[in-house]
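I am attaching a structure below and will ask some questions about it afterwards.
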Amino acid sequence: MIVPLDEGIREFVHDGDTVALEGFTHLIPVAAGHEIIRQGLRDLTLVRMTPDIVYDQMIGAGCARKLIFSWGGNPGVGSLHRFRDAIQNGWPRPLEIEEHSHAGMANRYVAGASGVPFAVLRGYTGTDLIAQTSQIATVTCPFTGEEITAVPALNPDVAIVHAQRADRSGNVQLWGITGVQKEVVLAAERALVTVEEIVDNLDPVPGQVLLPSRVVSAVAEVPGGARPSYAHGYYARSNPAYQDWDAIGRDREEFQRWLRTEVYGTARTTREG
Amino acid sequence: MIVPLDEGIREFVHDGDTVALEGFTHLIPVAAGHEIIRQGLRDLTLVRMTPDIVYDQMIGAGCARKLIFSWGGNPGVGSLHRFRDAIQNGWPRPLEIEEHSHAGMANRYVAGASGVPFAVLRGYTGTDLIAQTSQIATVTCPFTGEEITAVPALNPDVAIVHAQRADRSGNVQLWGITGVQKEVVLAAERALVTVEEIVDNLDPVPGQVLLPSRVVSAVAEVPGGARPSYAHGYYARSNPAYQDWDAIGRDREEFQRWLRTEVYGTARTTREG
Amino acid sequence: MTTLQYTADEMMTVTAARSLTTDMACFVGIGLPSTAANVAVRTHAPGLWMIYESGTLGTNPDSLPLSIGDGILAETADTVVSVPEVFNYWLQPGRIDVGFLGAAQIDRYANINTTVIGGDYSDPKVRLPGAGGAPEIAANCKEVIVIVRQSARTFVDSVDFVTSVGHGKGAGDRERLGLTGRGPTRVITDLGVLEPDPSTRELTLVSVHPGVTVDEVRAATGWDLRVAAEPETTDEPGEKELSVLRSLTSS
Amino acid sequence: MTTLQYTADEMMTVTAARSLTTDMACFVGIGLPSTAANVAVRTHAPGLWMIYESGTLGTNPDSLPLSIGDGILAETADTVVSVPEVFNYWLQPGRIDVGFLGAAQIDRYANINTTVIGGDYSDPKVRLPGAGGAPEIAANCKEVIVIVRQSARTFVDSVDFVTSVGHGKGAGDRERLGLTGRGPTRVITDLGVLEPDPSTRELTLVSVHPGVTVDEVRAATGWDLRVAAEPETTDEPGEKELSVLRSLTSS
């Protein structure tokens, strides 16, 4: 249940898997993403509402075949250059994309977590998103006759999230902005959670989401595992790291240098920060 | 925003309304139900997942024309005799019923709170409930072709819930078992909340549900307003009161005597207990 | 071996408790199912993960709750979630190993009625509380165990109203209806244990409780009851099981 | 009256802030919208109820957040809900009075593009971040206010990709599409204020900022811009507005 991060990734993430590393600005599982790069995983379908710099890094490192997302950018800074290079130039390999809105993605996870094949929402109508994917459709309400948008359930092979704490049985506790983490864990076949710390008792915290150990495949203790994003109550977001990424991500050479020194050249335990 | 209970009922509940007094065993708005009886409201469509003794009392007092529900009983005791007398003998007036499962009712509130016309679920299939109401149907998943159950949104005219606390702006805080209270308040056109106490600041409590004042029409301070059910952190459930109800509810005369002394004969402020 | 004194209800509850194992997640109905699950947790299944439909996940009450929403359930739970969440995120996707249900009527194919008895729906002889969470528990748990006292009035050839689907009209019906769980796998009564026949899904007596005869069970069944070639005799309640059960029910 | 020095961006932000009133609920996008909403709260609209799409309801940060999910938003919120909840329970049913959006391209009918510019979708000249919450904010808020710097490159006759629907192809389109909100009611730029014509829904210049000419606005618009018969001149930023704005942006 409690495993080192490298073992967790090795056991639960495989080439070709659909993998969702979620985190809505907060608690982004960055260390887990770097371990995926380090292990050289390939042909992943990466899923995330808000792919930011860790997805840029995984795409640039060649892990991804496809990206399912609703907002891909470097928050507060600008574009993701590895993402753009993959889409526009196929470097280092072509990247297929499937694009949604936040409401659409959130409802896809909800349907996935709920064990139903689709969800309905008031969304997408009139937009050009509809023409770009078969994963947006309509259904007619059997009571009112109204036509309404439908999106299919999203059930990743693996969900990876970061949380503040877990206990020794693998119950996981997170708080602050908790995004879609509960939904993605419940929607996925397997779930790997990195945490700031493992404790004896999870004292209740206002606003907490608790993920019972039954729905968690493994927990890895990775202090700082969300850096440069933040962990509410533990450390703040490093805005300079997001700003610095712009120059690194913009240039293939610079990026590869970064990969060598910051990912491939580091052991799991010294990689934070 | 903050009103006496009788004013709140007078302003927000009208003859013929669809009214949902929710509370899943915990925090049942009993005092509000008694005030509805006292004001002689008529032709209500009462909605609740678990109508228990306060609905038995409202039905017996002749407030209801129709009941929409999923489990009608005296928890841990047995049947609701006023409910049965109304269905089987039309006393004091005929009671139309529309019957669901808990999952169906919960999803009807969710759809109502979400502003969509229906919700889908894996439910009802093969049961005889389907034949008894037009409010259960099927839709076909546009992605998988699977046929799945649909239930229509439920949007009461008024939701009434009881909570532990509110602040002076009308923000409401409840915790413990919070049931479908958030959903019914968000699904309803108007929402009236009775609370144990009004405080200056709502200090966060683990597991809390907060209902922002924007979605609350009015708050009434009614200490003990959930008795004989319970308010987590304030008082326990009176199991004897539920047991005693069996004998009172079983007999029309006894029930009318109870109505006279315990409801009509009491002012709002002395009615608890 | 001492001979312990016990009632038929105690035999039933202990037998039901034994159906649960420590690694299971169990959706617990109030009454007999709740008592049995709480006995299991205190004897051979300390890890049993109990869910009540009020939204208490992984609860471990120190006394028997009287309703599915007692405060003690919330206080001792791993987490408390909303009622929509317990049904949509936890029950519906088939995360729960076993659903524990009671019944007012049960039929040959373990279909359950808790709605109306006699007359017709709009003018019944007896109006019961209705469905509650049972239809979806019966549909979506990996398996269902029913606990119910046995009599010819309760065990009827065909229920007056199908509140919760067991095996429908027999083999293949659950699949045809698209029900994801396996449905009732055991019906535990105060007389014995019935299980669906593997090929026809008709309830079959597989075990009788000590001191009960097969004929007594037949007499308490409203149809021509199938009986296994060699029905077992249920093991008597053990000392620990009885003392745990009694400490729970006397409290 | 002293003459205050201010930039065009400050004029734009202050004008946007003035569109909000103290009793509104506002769904706030990051960047210019967030700055404007936070100015409004600190000046004339102390009761403004701000929602960010990360799930922070009724938040009141003491400094400007840099992303829609900063910790300060959670710490100062009335409550923090999940992302599915903020979209399904709060935005979708039309509870939010005004949605505050930015744009990479905007067209004659206030349709917004934040997806791709140039080329086609699969081989674009510029790949932008995409939709985020904008399509449903544009669809479901009671009204939408757009804040965007004006240039002929940004204000195009027809957007390359409709990420978020404004008024479609003109009057009646939102109703035809079943969009519940009124759509964009104001577009506030660094040059002036545009509003949809009540009958055609085409964006019309109704106000120019002090020192800006109508011809300058026309030159910064990629279509033949309609201009109101007598466009107003926007009120200059007041001293308090400017000092609040500057204390926010310098922090």
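As written, the chain order gives the labels A, B, C and D, with residue 1 at the start of each chain.
Operating definition for what follows: a residue touches a chain if its C-beta (ideal position, glycine included) is under 8 Å from a C-beta of that chain, and two chains touch if they have at least 3 such contacts.
Just so it is clear, the model here is predicted, and its values are computed rather than measured.
Undergrad: Taking a step as a move to a touching chain, how many steps at least join chain A to chain D?
TA: 1
Undergrad: If you tally the C-beta contacts, which comes out ahead, B-C or A-C?
TA: Top pair by contacting C-beta pairs is B-C.
Undergrad: Quick one: report the Å distance separating chain B from chain C, using the average Cα coordinate of each chain.
TA: So the centroids are 28 Å from each other.
Undergrad: Quick check: how many Å separate the C-alpha centres of chain B and chain D?
TA: The mean C-alpha positions of chain B and chain D differ by 41 Å.
Undergrad: Averaging only over C-alpha atoms, locate the centres of chain C and chain D and give their separation in whole Å.
TA: Computed value for the inter-centroid distance: 57 Å.
Undergrad: Considering chain D alone, which of its residues make contact with at least two other chains?
TA: Where chain D meets two or more other chains at a single residue, that happens at 79, 88, 92, 140, 180.
Undergrad: Spell out, as numbers or ranges, the residues of chain A touching 2 or more other chains.
TA: 115-116, 121-122, 146, 182-183, 207-208
Undergrad: Taking all chains into account, which pairs touch?
TA: Here the touching chain pairs work out to A-B, A-C, A-D, B-C, B-D.
Undergrad: Along chain D, where are the residues that touch chain B in the complex?
TA: Listed in rising order, the residues of chain D that touch chain B are 25, 49, 57-58, 78-79, 88-89, 92-95, 140, 180.
Undergrad: Which residues, counting only chain A, touch chain D once they are in their complex?
TA: Listed in rising order, the residues are 24-26, 49-50, 69-73, 75-76, 79-80, 83-84, 87-88, 99-103, 106-107, 109-110, 121-129, 132, 146-147, 176-180, 182-183, 207, 209, 230, 232, 236-237, 239.
Undergrad: For the complex, which residues does chain A have touching chain C?
TA: Going through chain A, the ones touching chain C are 113-116, 171, 182-183, 186, 208, 210, 212, 214-215.
Undergrad: Sort out for me which residues of chain A touch chain B in the complex.
TA: Contacts found on chain A: 115-122, 135, 137-144, 146, 148, 150, 152, 204-208.
Undergrad: Can you list the residues on chain C that touch chain B in the complex?
TA: 30, 53-56, 66-71, 73-74, 79-80, 82-84, 87-88, 91-92, 115, 121, 123-124, 127-136, 139-140, 161-165, 168, 173, 177-180
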